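Each chain gets a letter, A, B, C, D, E and F, in the order it is written, and its residues are counted from 1.
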Amino acid sequence: MRPNNRLENELRDITIETGFIKHPEGSVLITVGDTKVICNASIEERVPPFMRNQGKGWITAEYQMLPRATEQRNIREAAKGKLSGRTMEIQRLIGRALRAVVDLEKLGERTIWVDCDVIQADGGTRTASITGAFVAMVLALGKLVDNKVLETLPITDYLAAISVGVMPDSSTILDLEYVEDSQAAVDMNVVMTGNGEFVEIQGTGEEATFSHKELLSMLNLAEEGITNLFEYQKQAIGDYAQLIDQMEEVE
Amino acid sequence: MRPNNRLENELRDITIETGFIKHPEGSVLITVGDTKVICNASIEERVPPFMRNQGKGWITAEYQMLPRATEQRNIREAAKGKLSGRTMEIQRLIGRALRAVVDLEKLGERTIWVDCDVIQADGGTRTASITGAFVAMVLALGKLVDNKVLETLPITDYLAAISVGVMPDSSTILDLEYVEDSQAAVDMNVVMTGNGEFVEIQGTGEEATFSHKELLSMLNLAEEGITNLFEYQKQAIGDYAQLIDQMEEVE
Amino acid sequence: MRPNNRLENELRDITIETGFIKHPEGSVLITVGDTKVICNASIEERVPPFMRNQGKGWITAEYQMLPRATEQRNIREAAKGKLSGRTMEIQRLIGRALRAVVDLEKLGERTIWVDCDVIQADGGTRTASITGAFVAMVLALGKLVDNKVLETLPITDYLAAISVGVMPDSSTILDLEYVEDSQAAVDMNVVMTGNGEFVEIQGTGEEATFSHKELLSMLNLAEEGITNLFEYQKQAIGDYAQLIDQMEEVE
Amino acid sequence: MRPNNRLENELRDITIETGFIKHPEGSVLITVGDTKVICNASIEERVPPFMRNQGKGWITAEYQMLPRATEQRNIREAAKGKLSGRTMEIQRLIGRALRAVVDLEKLGERTIWVDCDVIQADGGTRTASITGAFVAMVLALGKLVDNKVLETLPITDYLAAISVGVMPDSSTILDLEYVEDSQAAVDMNVVMTGNGEFVEIQGTGEEATFSHKELLSMLNLAEEGITNLFEYQKQAIGDYAQLIDQMEEVE
Amino acid sequence: MRPNNRLENELRDITIETGFIKHPEGSVLITVGDTKVICNASIEERVPPFMRNQGKGWITAEYQMLPRATEQRNIREAAKGKLSGRTMEIQRLIGRALRAVVDLEKLGERTIWVDCDVIQADGGTRTASITGAFVAMVLALGKLVDNKVLETLPITDYLAAISVGVMPDSSTILDLEYVEDSQAAVDMNVVMTGNGEFVEIQGTGEEATFSHKELLSMLNLAEEGITNLFEYQKQAIGDYAQLIDQMEEVE
Amino acid sequence: MRPNNRLENELRDITIETGFIKHPEGSVLITVGDTKVICNASIEERVPPFMRNQGKGWITAEYQMLPRATEQRNIREAAKGKLSGRTMEIQRLIGRALRAVVDLEKLGERTIWVDCDVIQADGGTRTASITGAFVAMVLALGKLVDNKVLETLPITDYLAAISVGVMPDSSTILDLEYVEDSQAAVDMNVVMTGNGEFVEIQGTGEEATFSHKELLSMLNLAEEGITNLFEYQKQAIGDYAQLIDQMEEVE
């Protein structure tokens, strides 16, 4: 039996609170069980040097955990003076995933900065970050549409992510919380779009391996879970959902 | 007339939410108007090298702002690879202030780490951090008393802080919010204890100077404001207030 | 038609030259087409602090490219003073993959350092690094067996990796060289063991997405390619192949 | 009785030697008892990026101690690769204080760099730095007036600083030397202008607190001491003193 | 008797393999006994900021050793986040030496980057780097002549380097390998041009000193050795040798 | 004619002021013309990790210039967060040179830290540093003898250094000041011991070369100059000169 008595294909309780912080163009507090991430999207009216004069925009993400987001206090990366490999991996993943559903030409020469700050961690922080970041980004871009800066929302589809895993007893489960994650033999993060395509699959045996069959089982769970996540996102973005639907039809 | 129609000696709305994050021994969300700071206190069962074998404890503080806590997004210090001078100044101030009301011998050879993470900034983040950090620290130490690790709360008095300033029209005001702070000719942060003594006074003319009379006027406002803050702290710490009262009698 | 007239499921020419550098316990130059990586394995008779006193060993990998391994000269990471996110990701991947086929208890309290230095890059440097690093590691551990330091080779299976991808024309191909990699819509790295299990799957849409069917097609190609790589590894490790076979029977 | 048999309101011996180093536009060796600081002022004909195109100048200060300025050798900050919080605090203080008496518009788009290098430390290095830096800055700006680059000295008033403190026996004293500073219960640095206004007050209880009455007593001592310092400054700057007097009349 | 039975004035076996890596404009693997260095020369069509608008070019060198180029594994400088003093000294030496035989005006506003990566070390890595770097640089510049970018080779003479030393038995020897270098009382690196002039002499007593007579004896050995090195260089650069001869006549 | 009307073999005015800073065990201000260096020697009662348990001591040197020691202000290395290659080269040179005349066994397991801080630069700062550092070191070690910590001065000989050079008119000159140094075709630093042996020779053509004959001419000038420097050192160290003479007889 799983902690919280969850079924193998059952997500934790999820809430997406919008307008969480007042300054950012888009701000969200996403809660997935006891994992809580503040996702703030900021618009900057220029692109980084390597993207200049291409008539295209850019999306970049940063990820961080509060030192005491975890059971043991972690040393602050700002105090250490450098980002860990884990942090770099995660923020590269978030940015790459978001870019898969944004039409960068339509965005124009501006940058969306997405900051994912984990204030409480209980497993699945990177997938919660992606799911929340998508909403924050839509809210920020929606504001540009509301203000007539952009004609349409340059979003081509929904985007959400979830973790799946194989436990030592060979069961495959959805949305691992920390105690499950620390025991899992295999851990996989899956990012998908609204039309059911994959954006990213990262499956890792933790001093273990996994079979083709286990892979397929995990993918099925992930697809099911992500389909649910889209519903939470739709509610959070409100009227902007219609703009995404229009955009999808065009594409 | 001040923003929010406040009187010169009027604090903003204040809330201190305890148990905000689940992992830390003491966790508080302090809200002072639109300034919001998460204060987490962690207990570590050892002291830094320079304090070893002295039979005493230590208290150290870290301070950080989310990149989009402010109107303009700030570059993350972890990404820059070093702390700014401002951050260092503030975290040194917080730690020093807290140590003024802790009996380090009674604390024993352990370290209290206090993390002050500003998630939304609207002026007075360092004083809100001190006021909230005191509560988080009491909650963490109170847990040690509850668990019989400590016999008594090694806290000698209450501790809170507020900002005061002189405006270009020569008025002196209490608890500056950001739009006031950016216009003020003089900015002063005052840290006081429950018995009305000063722990720290930092008054700075911003390309301006201030007279002896203005100084006294600011100190009066600060004393009045801080006295109010103690009431919020007492409510937040609940039964532990009695332990502080006992401790004060002993001293 | 692919560059070099390769079929979709065809590997590039592969050589694994052993004893390439004289000092390391295991040293290999692996050549995959025009990609050339020096893989050196060093044995250190202690483990990092977080692994001490557990009776287990550790494996850590480092990855670097010569500045002119690529068409454009890259700034040296040592000159920049920090590792890029890409480098960190890759060296974490290599270390994690190798640990999946080593019995860390049997290794004992020692560390294997595997250095993968790309001297010429033409796509697939991370998968070539894993494939070559496995051989270097076997040679280094084999020397410990030869010298009676270890009784048996603490290797539980073969390990190799290859890249697969989806091209803009929707074809799926094996072992992408640089010109293919830079055009691919989807890029996936697969790490497998000799018994046909997955250790790691990392599939990424490059501002694109991929379907379930494309995923399966890529996995098939990868499995076919990796099966061939094992043959090159067996030849390179010579007599040590028997020790691996014995070990696998035991497990 | 104080070390050196000083009265509570008595400064140490003070000398301000001008023209100490030949290259800087203004150079001073200030000696306050056994504390010796080289203060060099350099003029740069441009401003930092954040000040450009505002028709105003800027003043920035740097502070450092030789490793063996102190009884125990300190590790060089250049060797550690970062500035300590203490150094940052001090150099921010010096620059802020100097800016309070410079008319940045009259200075024009140029930067004054003030380097304060402590070659021997015996307490009060930050206040000696401010007092000496003011003289070095006047000398450098005076040279611009002599060379007809500036029409008038853009200095609005004198500026000097001193430390005061409360000792464990509750006495308040002026100009603490190291042995006093290390025992003091309260340490306060005061920066004032020639017209008797405060620029900065930084009072800190060292694991202690201080009363309103002690504060006033310290401020009185500081005011008395700083008034004396202005005489040393006047002598050091020679004829430029008249230019400051003229400027003050205008303001 | 020396290791390898060499005479005191005898070089180790030397090979210079050209075209070693495919991307760089000039690429060489130089082997001096068991010391192996990859020297890659890259042409960049601009100069660093401090050289701009002077109508001249620039040459800069970087030097690095693979972690396991040596008997003991060295920590990677990229992992440490900074270059060692030794590395900086060597790369400054290589760049300075190369600039002595290049006509920077004739080179025009472009930079030659020379990367010397030691893949196997057995003494004399810095002198092998200079000797190999010269060849790589000639090949890169020769390509510019072949492509009519430059009219003539902007090389004024040959350049090579060797180490000499004094052993504990007072013998002076040429081209020290590692076991000799670690015992030598004096170690000297000599860089010379084809016309027999010195470019650089760096002689160091290793907790020892050397006499005028020993100095002259070492210089004679060095001159003899370097004269031999020029023959290997001539063979490696092939037809470009004629262009150097022409250039020398002109000068 | 040279600046200051000096002859080719003429040193600048030299003074060595002892006891310059009060805290260090040995402290010297050496003045060579307008070059001024504070040399402080500190004794630490332990050795760095790589020297432990060998019954021997260690000597390490650090070198720095004040930002405005030069005509143009240099950015502080502590502010940049890293030492330049030039600084590293120089401090390695100073330490190595000093170690050549110290009997590390007799020194015992302690470290001598020598800090050379250039407060005013006019050419020859590294050689002035060595010459001054020797005196500071003797004073510090002499204090250990005075205090009976050491039985004898563990110094085997005098040590001094000077620069020589070849000018564009082919003249060779001694002790270059800055205007000469910036024009010189060849610059050489020579470190010698009291018995006329070389410790270090570093000769560099600055985009130029030098002949065997020019080398010998420079060495003669250097020997003459250094012989004079020993007289200044003897005066500075006073009675300790006898201890060095005794030590030399023993050796």
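Just so it is clear, a residue touches a chain if its C-beta (ideal position, glycine included) is under 8 Å from a C-beta of that chain, and two chains touch if they have at least 3 such contacts.
On a predicted model such as this, the values are computed, not experimentally measured, just so you know.
Student: Looking at C-E, E-F or D-F, which pair matches A-C on over half of its contact pairs by residue number?
Tutor: Most of the contact pairs in A-C are shared with E-F.
Student: Could you give the separation in Å between the centres of chain A and chain B, each centre being the mean of its C-alpha atoms?
Tutor: 34
Student: In whole angstrom, what separates the CA-based centres of chain B and chain D?
Tutor: Taking the mean C-alpha position of each chain, the two centres sit 29 Å apart.
Student: Averaging over Cα atoms per chain, report the distance between chain A and chain F in Å.
Tutor: 60
Student: Mind pulling the chain C residues that touch 2 or more other chains?
Tutor: 81-83
Student: Output the ring sequence of chains, start chain A, direction chain B.
Tutor: A, B, D, F, E, C
Student: Where on chain A does chain C make contact in their complex?
Tutor: So the residues of chain A touching chain C come out as 82-83, 85-86, 88-89, 91-92, 96, 99-100, 104, 188, 193, 195-205, 207-212, 215, 219.
Student: In their complex, what parts of chain D are in touch with chain F?
Tutor: Touch list, chain D to chain F: 21-24, 27, 34, 38, 40, 42, 44, 62, 64, 66-71, 73, 76-79, 81-83, 87, 113, 115, 117, 119-120.
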